[in-house]
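The following blocks contain the structures, represented as C-alpha cells.
There are two complexes below, and they share subunit A, which is joined by subunit B in the first and by subunit C in the second.
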Partner chain A sequence: MTEMNEPTRRELFSLIGKAGGAIAMYQAMTALGHAAETQFTGPPKLSPARKGGSVLVLGAGLAGMVAAYELSRAGYKVTVLEYQDRPGGRNYSVRGGDKIVEVGGVTQTVGFAPGNYLNPGPWRIPHHHRSLLYYCRLFGVELEPFIQMNHNSFVHNSKAFGGKPQRYKELAVDFKGHVSDLLGKALNAGALDARVGKEDKEKLLEALRSWGVLDKDMAYTSSLRVSGQRGYDKAPGGGVDGAPTPSKINSLSDILDARVWDQMSFYFNYVMQTTMFQPKGGMDMIGKAFAKQLGKAIRLNTKVTKVAQDDTGVTASWEDVVTGQKSETKADWCVCTIPLPVANQLDLQVSPALKAAMKAVGYSTQCKIGLEMRSRFWEENYSIYGGHSFTDQTIGLISYPNNNMHKDGPAVLLGAFASDARGLMLAGMTPEQRIETALAQGSVFHPEEYRREFLNGASVAWSRIPWILGCTSRWTEENRSAHYQNLVALDGRFVLAGEHASYYGGWMEGSLLSGLDAITRIHQRANVA
Partner chain B sequence: MRRIWRYAAPAAALAVLGMAVAVKAQDAPGGGPSNVQVSDEGKLVYEQICQACHMADAKGGGGAGAAIPALANNPNLAKPEFMIEILQKGRGGMPWFTDMLTPAQMAAVITYVRSHFNSYPDPVTEADVKRFAAGAGHKPDCNCAQ
Partner chain C sequence: MTEMNEPTRRELFSLIGKAGGAIAMYQAMTALGHAAETQFTGPPKLSPARKGGSVLVLGAGLAGMVAAYELSRAGYKVTVLEYQDRPGGRNYSVRGGDKIVEVGGVTQTVGFAPGNYLNPGPWRIPHHHRSLLYYCRLFGVELEPFIQMNHNSFVHNSKAFGGKPQRYKELAVDFKGHVSDLLGKALNAGALDARVGKEDKEKLLEALRSWGVLDKDMAYTSSLRVSGQRGYDKAPGGGVDGAPTPSKINSLSDILDARVWDQMSFYFNYVMQTTMFQPKGGMDMIGKAFAKQLGKAIRLNTKVTKVAQDDTGVTASWEDVVTGQKSETKADWCVCTIPLPVANQLDLQVSPALKAAMKAVGYSTQCKIGLEMRSRFWEENYSIYGGHSFTDQTIGLISYPNNNMHKDGPAVLLGAFASDARGLMLAGMTPEQRIETALAQGSVFHPEEYRREFLNGASVAWSRIPWILGCTSRWTEENRSAHYQNLVALDGRFVLAGEHASYYGGWMEGSLLSGLDAITRIHQRANVA
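== the complex of A and B ==
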C-alpha cells in the first residue's frame, strides 16, 4: 500500500489560494465546509479601552446589548438607554398577564396559562447563525429544536382539492413523482438528446426511477412502494391483518393547482433549512440573558429625544417616561440601535447623507397571532408535532408548538404569521377581529376542534407597536447601493447598528453582527483619536 | 383591473412578486402566493392596507417620540402628487407600494383619502399615477432624492 503524504487543510487552502486566487480558495473552503456560514469568527478582540473611554448605546435590543456587553468587557464605561420597560426589543415573548399596547391605546391583556408564550418577533434560529448561537452558549441560554419541517402537516390552497387541506408528504411525493415521470418520458423520447449525453441520460433515468418512485414502465402510479413515501390507505400492521394497502396518488393537474412547489422550495432556503432552534421558555430568554450581564448599565423607560455631537463627544437628551424627569447623558461615542421609523423622527445631529440613508429604508409589517387551545388536538388527532400548516388565506400559516409535546394542558398555537398585504390586513383589524379571523381561517385545518378547544388569543401587529412602528427593514438593490454604506458609516462620533444595518435584515444574527462591527470600528477610531 | 394575486395579476407583476419572494432574506411565512385580494374600491383599499399604520380614523399615532403621520386634515395632501410619490417610493419607515397595489388601486385610495379625510374632492386617476411612475427622475423602489 502506498502511503501518501496528505497536505493539511491549511496547506491545501494555501496551495489552492496561490494557484487560483482568493475566489478559488473561497470556493474550496466552502466545499470543505468552511467559510459558508455567517461572518462571525468569534467575539471581537478589542484591546483595552483608553482610560475613561465611554460609549452611549441607544436601544436595549440585541444589537445594542451585544455592543454594550463587548464594550464593557474592553473597559469602556457604557450606558444603555431603552424606551421600553423591558430590555430585548424585538427579542420578545408575551405571556399571561402581559399587556400589549398599540398605537391609539388599544390594549390586550394576554390570558395564556403559566409557561405558555407567543414569540411575536423572531421565533426560529438557523443552525448557521453562529454569533447568536455563540452568545446563547456563553450565557447559558438553553436551546431546543424548532420543528421547521413536518411532512405530516397540511397545505391548504383554496383553489385546489375543493379547498380541502392535504398532507404535505402526499403533495410533495406526488409532485416529484409526476415531474420524474414526465422528464423520463421526455428523455426516452429523445427530446433532450441534444442536451444530455448517452451516459448521463442513463444515469438520469436511473435517478428519476429511484427519486420519483416510478414503476417498471417509468410511470408514476399508485403502489405500495409509492405509499412507502406518501403514506398508505391502511398502514402496515401486525398479525393476520397486517398487510398494508396503498394510497391513491393525485393527478398532475390537482398537484399543480395545489402549488406545493412553494412549500418545497421554501424549505430549501438557506435561512429555513433544518436544524433550527428556539430558546426553551420563550425567545426573550436571549434578551434577558444579555440584560443580566449588563445589569444597571441599562436605563429603562427612557425616551431619547435628541442626540448632539461635537469633536469631543456626544450628548443625548432624554426623558423618563414614568417620572417625567428630563436629563442628558454624555459619552465619547454613540451607538444608535433605535429602529429607523422612530430614529428618523428624532433630533439627531448627523450628516445629510446618513439622514437620507435612514429615510430610504422602508419597513415591512408582519402580524402574528397566538391562540391558546385547551388540548393538543393536533398531536392526538392528527399526529402533527411541531411544524407549519400553510394556507393561501390571510393568516398565512398556523404553526404548532415545539415544546411540551405529548403533554396535557393548554398549549399556544401560532394562529397567524402574515406579512406583506396579508400582514397589513390583519394589522388593520381590531384585536378581536384578528382573533376571529384566525379562528375562522385556521378551522380549515382542524374543523372539529379549532373553535371548541380555543381558550384565548393575543396578537402583535408590528406596524401598531409604538416603539417601532413597523417590523423589519426592507432593502432593495437600488437603495442598498445608494445608501447602505452611508447608513453604516461612522458619522463623527455616532454610528447606527441593528438588523437594518446588515445584510441579514430581520434576523437576530444581523443585529448581532451589525453591533459587533459598529463597536469594532468605534474602538479602532477611539484608539487613533 | 382588479388584482387577484394568484390568477389575474399581469405576468410582469407576477414575475416581480415571484422575485421578491425568492430574494427576500428576512424571516417570512413562506408558502405560496395569497388568494387574498386587495379591493379596487378606495375605501376598502384604505381599510385593508393603509389603516394598519395610519389607523381607521387616519389620525396616525405613535409613542416613542415618533409617530405615523395623520392623513386626516393633512395640508400636504392638497397636492395630488404628494401621495402618488410616497406610494411609489416610500418615505421614512413607510415602504413603497408598487409591489402591492396597482396604479388603479393607488388612484382609488388617494382619491378616497383626499376627499373623505380631507376636503380635496378632485379625483386622482390611474393615468395620473402611471404618468408619475413613468416620469423623469423617478427611481423605482428608491427614495434616493430625500
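== the complex of A and C ==
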C-alpha cells in the first residue's frame, strides 16, 4: 500500500517490481501505455538499514531532503548540513521583508504586500513530474493550476508589426492558416505526389481545409469562420446589434517577421505542456513540507569547508556562519547536493575523474524580476489570466500570476525571465536599474498601466547569488558523454545528487530522481559493505 | 466608478461613452487594442425609471435575471415568473438527492456524494465573456480555472491505431511534423516560388525546421528532440540510469486516420481558448448569486399560459403548479426569456413576424452523463488533470473534473457530451442504458479502472427535459437573415431575450448580452412613451 490512497495501479506495479525486478515493472507499465512519462515508480523500497548506519547529506535543497527523508524512513541516522538560514535551496519564494543579498553585498529588502511572493527559481510543475507530485500529495502541499499556454497573451517582436505586440491567437491562427494554404497549393499542383499517396492526399487536403480554416478555394482569407479562431473585429453579442464582424488576417510576411513559431513550439515542449501546477502560497511550500518531516535533522547556517573519506566513513568539516563555531560531522556515507559552482570551491577528497566532471558542467544565468502592481489590470483590461507575454527584449517575457485571479489588491507579476546573455545583462545592473529596465520594456504590453500601477519590485540574478553562483546546470552533449557517469558514480563513500546529476537539469523532478537514485545505490553498497 | 474596483480603464470608457455615445467608445477601445473581444462595456447606465414603471420578466434564467436585476437598479418594479422550483434555468448543477424528470415521467434520483456535481448545461467560461465575468465578480462568485486543452489526454478514433487511444501530444506533434516536412520539401523543390518570395521562403523554412522539429535534412524523424515534445519511450531521469530514449513517431497515414486536426482545431476555437473558468462548487453558483439579489421578485413554480398586451401594458396569465392557483400579473412591459420550444406553445399576443421567427429556430439535442468514480484514477495512473479525451463513439468525449484535483475521494467525471444525432441516440435510451453505454465506451480510455471505480451516474438528455425540450438554439445563416431581427425586435410592449436572441447561442454570455440589450431598448421606449 502506498501512503496516499486506496489500492492503485501504482501499487500493482510495485508488487510486480518486487516480484520481477525493475525491468519487468517497466515492461508491465509500458504495456499499459503510461510508463514512458516518468522513471518514478513510487518511493524507494529500501530494506531496513544496518543498525547504526549513518548518512551525511550536504545541502537542504530538494535532492538533499528527499535523500534524507527516505534514508531516515529506512532507519539511517541522517544529518543534513545547510549553508543558508532556511531549507529549500532554489525551491524558494521571496516575500515582503525578505532580504536578497548578492555577491559584493548588494542587498534588496523585498516590499511585497503580505501573501504576495515571487518564485525566483522553479515556478511550474509538469503533470508528468510524478515524483514531485507524489511528495506534494504525501506531505499535503496544496497545488493549483499554473496557466502556461494563453491564447490571449501577447507576442512582441521589435522587428514586426512596427513593434506593436500582437495577441498570440491572431499570429498562431494566421501561421497555421498560411501553412495550410501553401501546403494545399503544393499538393493540388501535384508537387508532392511522389511522397503522398492518393488516399492520404485527399485526407491531408481535408485536414488542411479544416485545421487551416481555408475557404472553399482552399485559400486562407479573412472571414467570420477564421474570426471564430483569431477573434473578431466586433465580437458576437446579443439583441439587435449582436452580429459580429470579421477581423483582418495578417500576411505571411508579417507572421514570419513575428516569429510566432517560437511560441508555438514552446507550448509544445513536453515539460511545458498542459496541465501544469504551482503550490498555493509559493513554491517554497514544497521545501518547507520536506523540512517539516526532517525536523532537527537539518542544521542550518552551516558552511561545509572540507570532506574527507576513508574505508570507515566520511568526515565533513564545517563552520557555523552565525556563531563562528567550527566542528566536524562523521557518517558512513555522504550525499553531496551542493551546487557545483560552490562545491568546486570545497576541499573534497574525491577522485580526479569526479573533480573533472564537477568542473566540466556549466551553469545558466537566469534573472527573474518580480513587480508588485496595485491592481490586476491585465485581467480586467486585457482579459489575460495567467500565461506569458513574450518579447525579444532583454526581459524575455512577462508572466501573469496564477494565484488570486479575479481578486482585488496588489499582485506580483513576473516582470522578467531572462536567460543566457540577457540574464547576465540584467545581473550586471543594480537592482534599481533592473526594475527600471523591466518597467520600460514591459510597458510595451501595457503602456497605460505598467508604470502607473507599479508599487515595488525585487530581482534575483542567480549568477550573483553567493550560495550558488548560477541558476541551473547546463550539460552539453559532449560533456554528458565524457563526464556524466563519473559525476553520478559512487566515489568511495561519497556521491553527488541534485538536478546537475540528472537528465532533467533545472527541474525539481531532476533533483528528486537524482536524490532517490543516489540513496538507492548507497543503500545497496551499505548492505553488502 | 464601477462597483468592483478602483478606477479602471473600463470606467474611462464609460465616461467616453457618456460623452460621445457608443460609437466613440467603441472607437476608443479599438484604438487601445482590446475592444474587439466583447460587446460588453459595463452594465447599462439606465436613467431612473418613470415613477411606477413596471416590467414583467418570464423565466428566471440568466437572461431574465440580469434583465430583472438591472431594471430593478433603475427603479422599475420587476416581477419574475419561473416555471421551475429553482432559479437559474440551464445554469444548473445536479447534486446528490436531486431528481431529474424527463418527458413521460422517467425520473432519476442523483446519487453523487456531498460536494460532487454535474453541470448539465454550461460548464466553462471563456476569458472574453466579459459580462458574465463582470457579474461573477460583482456578486462574489468564486471562479477556478477550467482546463480545456490537455496535451496528455487521449484521442480515440475507432478507425485508427487499431482502435487504441493515443495521447493528444503524440498525434499533434506528429501532425505538425509531417506537415512541416512536406511543406519544406515543396518549398525546396521550388513548387511555391511563384507565391513565396525568396526572403519569406528562407524564413518559412527556418520556421518549419523549428516548429516541425525537423532534422538537419528537413525531415521529420524519431529523435530525442522530437521526444522533447511528443514524449519519450523512456523519460529523462536522475543518476546512473537517467538517460532518456526517444519515442517512435507515427506515419503520416496513421496520423491522418486519427483525424487529430479535429482536436487541434477545437482548441483553437475562440470560445474554447485558454484561459477558461468555472465557478467553484458548481455552475449554478452564478444563477444562485443572481437570485439572491432579486429575492422575492422571483415567483417560482409558476406556469405562464398566456400573454396579452394593449396600449397600456401586458398581462400574463399563470398557474401555480404546486397549489393550482390561477392568476394574472400586469406590467408596463414584458421581457420573455422562455426557451422557444416552450414559448411556442403559449398563447402569446404578438405579431405574426415574431411568431414566425420563434418557430424558425431549431434547438440542439445535447446529452451529458456524469459518472461518479471512487477515485481520481485518471490523475494518479494517467497523469491527466482536467481536459477531455475525445472519441468518435456516441459519447463524443469524456471530460475530467477541474475541481479538487490531487484530492482523495469520489469524483464526478463527465462520461458523455453528445450532440446532434449522438445526443438523440442517448436520449432515446433509458437512464440505465445511457450509463451502460457511457461505461462501455469510456472504458476504451481507462480499461482497467472504468467499471471497477464506477459508483453511480446521472444523465441529462436535454431534448427530454420538459421545461425546455432542447438544449440551445441553432440558427442557420438563412434563418438569421430572414428572422433574427424580427425575433429580437420590440413587439409592442413585449420583447424576447435569451441565448436564442443573440449571436452567442448556447453561451451564458449570449443570454446576458441579449438581456441587457432588451432592457436598454425597453427603457428607451418607456422613457419616450
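The rule is simple: the second predicted complex is superposed on the first by the 497 of 529 C-alpha atoms of A that agree within 3 Å, B and C clash if a C-alpha of one lies under 4 Å from a C-alpha of the other, contacts with A are read in each partner's own complex, and residues count from 1 in each chain.
Rule of thumb we're sticking to: a contact is a pair of C-beta atoms (placed from the backbone, for glycine too) under 8 Å apart; a residue touches a chain by one contact, two chains touch by 3 or more.
A quick note: this is a predicted structure, and the numbers were derived from the prediction, not measured.
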Next on the checklist: One more residue to check, A:504. First (subunit B), second (subunit C), both or neither?
Outcome noted: both
Next on the checklist: Touch test for A:90: subunit B only (first), subunit C only (second), both, or neither?
Outcome noted: neither
Next on the checklist: With both complexes overlaid on chain A, does A:149 touch subunit B (first), subunit C (second), both or neither?
Outcome noted: second
Next on the checklist: Once chain A of both complexes is superposed, is A:262 in touch with subunit B (first), subunit C (second), both, or neither?
Outcome noted: both
Checklist entry - Touch check for A:391: first (subunit B), second (subunit C), both, or neither? => result first
Checklist entry - With the two structures laid over each other on chain A, which partner does A:446 touch: subunit B (first), subunit C (second), both, or neither? => result neither
Next on the checklist: If we overlay the two complexes on their shared chain A, which of subunit B and subunit C does A:523 touch? Say first, second, both or neither.
Outcome noted: neither
Checklist entry - Which partner does A:273 reach: the first (subunit B), the second (subunit C), both, or neither? => result second
Next on the checklist: With both complexes overlaid on chain A, does A:38 touch subunit B (first), subunit C (second), both or neither?
Outcome noted: second
Checklist entry - Which residues would you name on subunit A as touching subunit B in one complex and subunit C in the other? => result 259, 262, 269, 271, 503-504
Checklist entry - Which residues of subunit B touch subunit A in the complex? => result 5-7, 25-36, 38, 47-53, 55-56, 60-68, 90-96, 100, 139-144, 146
Next on the checklist: With touch defined as at the start, can you tell me which subunit A residues reach subunit B in the complex?
Outcome noted: 83, 103-104, 122-124, 155, 157-159, 259, 262-263, 266, 269, 271-272, 303-305, 338-346, 356, 359-365, 388, 390-394, 396-397, 417-428, 461, 463-464, 466-470, 472, 474, 476, 478-479, 482-483, 503-507
Item to check | In the complex, subunit C residues that touch subunit A | outcome: 4-6, 8-10, 26, 32-34, 36-40, 127-128, 130, 133, 136-137, 142-145, 147, 149-152, 164, 169, 172-173, 175-176, 179-180, 182-183, 185-187, 189, 191-192, 195-197, 200, 203-204, 207-208, 210-211, 213, 227-244, 247, 252-253, 256-257, 259, 261-262, 264-265, 268-271, 273-275, 277, 374-375, 377, 380-387, 405-406, 408, 448-449, 485, 488-489, 497, 501-504, 510-518, 521
